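Consider the two complexes below, in which subunit A is the common component and subunit B and subunit C are the respective partners.
Entry: the complex of A and B
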């Protein structure tokens, strides 16, 4: 299982796609498996698909916990290296 | 060569030479969640587990809860069995509907899978939606519908027998899990521990095999928490992949395709990449 990092949706694209922002890195993902996502929502990703929609407050709390546990820094580092 | 993400990923590399593969590298990285739980009070650690994992959150939390219970520390409540069966079906159907069709050149069956996912929150809906999905896509059983088409195409191109067998096994697994769900069968799990020594272990069935948690407590806090997932065991080295390859790999491209299918059969719970270089 991958780390369930809440990732912010910054733009909706045609064909059920969206742009997300992960620590300053933007990538296109599929919204085909989750309904009702709007710009500003957070989603949990798995292999390029949004799996779950989170409200911003829930996402902020999870991100804070991950940061406190030292899990977030590694993942964001990966995203930046891969950009 | 591409790097493996530290948030979770699998990278498989091999060298093709005269119809065979050697110089294997299998690099699996999973997030160090167990380490992140060390030092926390047990109830807090248990609450954080489902937040950290993108897949199988119910199974992860239940394995953690049972391991703590085996260590003499009772926290949390067990999930209803149907939620665990639903999670298991989710993983099986993801592979079957999204990943396998691409192996014979078809589009992923995203729309029916998305419709089915919408039923995950309620037991009666989940049962009805799973039955409807299978009636639509596999009307005459595990080897019918789109699976029958896939089997015919894979056989025509000379895919390894293990590939077709693995595809059928996955489709059968979905029918078996639906039967378990419809009959409200107890979910397979177990635990063992030494409360006097504050250590416990537990396993919970998942789509990929047994998920195990091992916990050691000290002075009311987590001293050690190990998560042993099926993916860790299946990709400890290349042995499982090699066993699922055809005897002869005529080109690097065919070898790459065969390795990718072998990885799919072993079903990692993280994204994967396959690289085959020509010697």
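Entry: the complex of A and C
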């Protein structure tokens, strides 16, 4: 029930509704809880409502931080092998 | 799909797992509770526990909305449908939760109860609009993520002047449940549940923000890291918790910055505050009666409160004797500690609520974990 997924807004509809793209399937959702959404935005969808907008820049930074952990391990491994 | 697949990348996972193994101190024990059922599900499904070093232990928390609903609440919904003849609308997972007299909402349907599964609160409102001769009750459950949609439909029902729509409000509050865990004898006095930190909820936090957790860091000295629901999010959060423990810090950190801000969704918060007020107390499965832990409709919206409209008062009902859901929800026991697990109690035939929803600890463990245990716990370590 807690399932909530990031999804891209493809079209704004009247009455704070929008069409989103769910892996190729289009679905109408409600934007009543989030102001200022434009086409192309990603929102987090839960029980038919967008809960919030997703921040692409923050997503990129989080992934970079995650990748850093791996790179660091690699560097440590190389250092051990070289020693 | 974008913003999902990247956060399930196996290579990145290996890197984070290696970092956790390196940073976790062999002489230290780390016990972290993932509050949310969504995290429980991700941890089980992606075998996150297998990637962790033995010093790091994850404890399932009470954040599965269907699991924490006590039997008496399901009974109330069933009585509304059977005795009062109303149409009850509910989210799918609640349908199969065992209730009194061998019933569930699904089985009550076979006795003639008009109970309908809906995807969204708006569906319940639409039904009431479409069929004015029918009394429609929305059985509203869930934490802070499902509450704003319920508030919206109540406000819309008021604007439309609907007289055949009401809500059985069972919305519960995450911070109160965390407090109940921290104040429980097992954590405070007995020390049987060691707790060194929490993985904070993903989507609940998009609504309430990260601020409401500050109290747990300040008063209880427990670190909280808010994490997204994908496996990499959970692992990164575990790494951040390990670091906090190593540094002797107790802070609120946010791994899920792509969706969670300190303030949360203020529009949703204002809406919830307009329609709901805090109940003095509410009974939870497992946690017992917790003060100020749930919501009810404000007097201005009292006409949409199903508990006021229909004579079906709440009555507490004890859980099935052998079911350990209560202890599991408090982090005291694990699914495999229950005698009924996987034999009498399965997702097809659940005895307790934790076996119903995919976010329930028992269901997640049954679906993704039981063969791993049989294989000795290291089968999927790669």
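Basically, the second predicted complex is superposed on the first by the 51 of 83 C-alpha atoms of A that agree within 3 Å, B and C clash if a C-alpha of one lies under 4 Å from a C-alpha of the other, contacts with A are read in each partner's own complex, and residues count from 1 in each chain.
The rule is simple: a contact is a pair of C-beta atoms (placed from the backbone, for glycine too) under 8 Å apart; a residue touches a chain by one contact, two chains touch by 3 or more.
Owing to the predicted nature of the structure, the values given are computational and were not obtained by experimental measurement.
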**Prompt:** Does subunit C touch more residues of subunit A than subunit B does, or is it the other way round?
**Reply:** C
**Asked** Is A:59 in contact with subunit B, with subunit C, with both, or with neither (first, second, both, neither)?
**Response** second
**Item:** Contacts of A:35 with subunit B and subunit C, given as first, second, both or neither
**Value:** both
**Asked** Is A:51 touching the first partner subunit B, the second partner subunit C, both, or neither of them?
**Response** both
**Request:** Could you look at A:4 and tell me whether it touches subunit B, subunit C, both or neither (first, second, both, neither)?
**Result:** both
**Asked** For A:71, is the partner it touches subunit B (first), subunit C (second), both, or none of the two (neither)?
**Response** both
**Message:** Please report the subunit A residues shared by its interface with subunit B and its interface with subunit C.
**Reply:** 1-5, 30, 32-33, 35, 44, 46-47, 51, 62, 65-66, 69-71, 74
**subunit A-facing residues of subunit B, complex** = 3, 5-9, 30-33, 36-37, 48, 51-57, 60, 110-111, 113-114, 117-118, 229, 231, 269-271
**Partner subunit B, residues of subunit A touching it in the complex** = 1-5, 30, 32-33, 35, 44-47, 51, 62, 65-66, 69-71, 74-75, 77-78, 81-82
**Item:** Touching residues on subunit C, where the partner in the complex is subunit A
**Value:** 1-4, 6-7, 11-12, 14-16, 18-19, 22, 36-38, 64-66, 91-93, 119-123, 142-143, 145-146, 148-149, 152, 202-203, 206-207, 229, 232-233, 236, 239, 255-260, 265, 267-268, 271, 357, 359
**Complete:** Residue set of subunit A touching subunit C in the complex reads 1-8, 22-23, 30, 32-35, 42, 44, 46-49, 51-56, 58-59, 61-63, 65-67, 69-74, 76
